[in-house]
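The same chain A turns up in both complexes below, where it pairs with chain B and then with chain C.
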Partner chain A sequence: MSAALDLITRVRGVRGAMLVSTEDGLVIAEQLMEGIKGGAVAALAASLAGRLRRAMEAAGTGASVFWHLQAEQGALLVVPGDAAGGILVVAVAEPDVNIGLVRLELLRAAEAAL
Partner chain B sequence: MADEIRALSAQLAQDPQSLVFLRLGEALRRKGQLEQALRVAVNGLERHPHLADAHDLYARILTDKHDYERAFDEWDMAVRIAPHHTGALKGLAFLYFKVGDVEQAEAHLAAAKRVEPDDPSIDQAIEMMRGGARTSARTAESAPAPAPTPSATASTAAVVSGALDEARVFAGLEGANEGLLLVDGAGRVLGGALKDGGKDVTDAVAAYLAGVSQEAARSVKLLGLGAWNGLSAEGQHGSVHLGHPTPEALLLVVRERGMPLGRLAILAQRATIMARRWLEKQT
Partner chain C sequence: MSPHTRAVENWTLEPLTDFVREASARLVLVLTPSGQVLAQSGFSRAVDVMSAAALAAAIVASTGEIARQMRQPPFGALSHQGPKTGFFLATFKTDRGTLAVLAVYDLDVSSLGLVQLFYEQLATELKAASPKGAVPKQVLAADFERELTDSLNTLFGR
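Let's turn to the complex of A and B:
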């Protein structure tokens, strides 16, 4: 688990990474910089992932395999449950992070965590 | 017309390098044979990539096919090659007017007038545009969407008049009626539509969006990341981008999986600008 998270936190601009249970939003493993509330982020990421999945399924795009929430001062990047066997792989990053690279590492970490 | 097309085709066959493809493409376009016109224009462009008239012809055909994004790119290219190309300037004016940017539309018509000061259709178009901009907000929702036919030779005034009827929220944008959705904060549809394999899923998706937006706002607040400004997601069969053109509205763009997320974000940006303008007109 820890090795999987290492892949993500090694990317410049990533402030932390977590494995989260899709079902209950609890943290399975985490590597976070100080000040990031892992438990709360995990719960919200799981809730958002669930709502997004329902919206995307209604739109006919199928469940998401990667999503990226952009904000003024950072971003939340996630490879959700279906692609990662019931877990969310989550990264918290700076706004100017290389999204393509984080996406790749999240997908690799999801494979490694399975 | 059929004889003219036959004769022009024969000339082009004899000399594929000649510029007769411009006349042939235009004749086919006027006859409504858009696929053939498109082939002629594309072949011509391959041989004459730096010819502004070729880009202008291609843009007119694309406009007849309602592919306004690519038409814009082609007219833009024509003006870069030949800044005084009146056909391209009129075409760009038409497209700017369609998205509600009257200022840019007028600027392009004014540029065309400087090149062709004796063309009365340009003054007429400017007049009509000024009047139309005042009334379009009132007529927008109930108006049907006829096929516009801008051309260097057609009356610019008629073209602008046609555009007035298309002043709906995403008129002219790729996927306006099947892949773009504007809703208010309570999940009520304001404009656009979503289809999944021909089935209308607009209301079903709209109902979920308010919840997604609330969770997105809570997540970034908790992380101290400031306001959220977009959510992109890749699905198994398609991708989506959710943004908010105004604090009270949400915009969803849905596209097939083949479209990269970066391009989706650009498209979403354009749709956001259009939605913002449209919302401003409604208030």
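Let's turn to the complex of A and C:
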């Protein structure tokens, strides 16, 4: 799992990466820079994942494969790790990070973690 | 404020209301380890509050005893998760004495991580709001029924 997170944190501009249990919102593994509250990010990302899943189902779009939330001082990028949605692979990044590269590494990490 | 959130001791009301909203908890009790309820949210019947408080107090006592036999400090928190519902029970120290929080949450709207996260905030706010220098009131056996009736009347707005 640590190796899976290494893939993500190697990307320039990524401040941390985590594997999060979708069901209970707890951290499974993390590599975070100081100052990032891993537990809070995990709990809120899992909560958001549950609500997004229901919204996507209601919209008839199927399961989500990647989300990117852009904020003023950073970004949250998430790949649900398996079809059942049991694990989230989460990256916390600088606002100007290379989104495409992080997405690719998140998908690779999801494959490696499972 | 939720119509079902009520407090016997008013300083608990705002932190509890915030916790219920942010953690999306269905039922919450703030109580002493002896089962005296200070505030509740989500309960509609007095008998349910009495049962939950008695069971939570029993769990706190039994896990405390297990910890004592293991020569460990008392456990900080306990969680149990079923297929649709989970509960979280934790204790912390305040100037009012040790308090316990019992939270019941539905897995489709909340999670253990979310409850743990906002529990920390609740405990911090309750510690800050608790009456300073207060001596925890002892409930004597002779007064127990009257105290219980008064608390339940307050909690259910009677």
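Note that in this section the second predicted complex is superposed on the first by the 109 of 114 C-alpha atoms of A that agree within 3 Å, B and C clash if a C-alpha of one lies under 4 Å from a C-alpha of the other, contacts with A are read in each partner's own complex, and residues count from 1 in each chain.
Note that in this section contacts are C-beta pairs under 8 Å (C-beta built on N, C-alpha and C of every residue); 3 or more make two chains touch, one makes a residue touch a chain.
Everything numeric in this text was worked out from a predicted model, so none of it was measured.
In the three-chain model built by superposing on chain A, chain B and chain C fit together without any clash. Remark: in the superposition on chain A the angle formed at chain A by the CA centres of chain B and chain C amounts to 110 degrees, rounded in steps of 10. Set against each other, chain B and chain C touch different numbers of residues in chain A, with B touching more. In the overlay built on the shared chain, the residue A:Glu23 is in contact with chain C alone; chain B does not reach it.
Look at A:Thr61: by the touch rule set out above, it reaches chain B but stays clear of chain C. Look at A:Ala42: by the touch rule set out above, it reaches chain C but stays clear of chain B.
When the shared chain is aligned, chain B comes close enough to touch A:Gln70, but chain C does not. Look at A:Met33: by the touch rule set out above, it reaches neither chain B nor chain C.
Of all Cα pairs spanning chain B and chain C in the superposition, the closest are 9 Å apart.
Once both structures are placed on chain A, chain A residues 40, 44, 47 are touched by chain B and, in the other complex, by chain C. Those residues of chain B lying in contact with chain A across their complex are 194, 196-197, 199, 201, 204-205, 207-209, 211-212, 215-216, 218-220, 222-240, 252, 254, 257, 261.
Chain A meets chain B in the complex at residues 36-37, 40-41, 44-45, 47-48, 51-52, 54-56, 58-76, 92. Contact residues on chain C toward chain A in their complex (touch as defined above): 81, 86, 107-114, 116-117. Note for the complex: chain A touches chain C at residues 20-21, 23-27, 39-40, 42-44, 46-47, 50.
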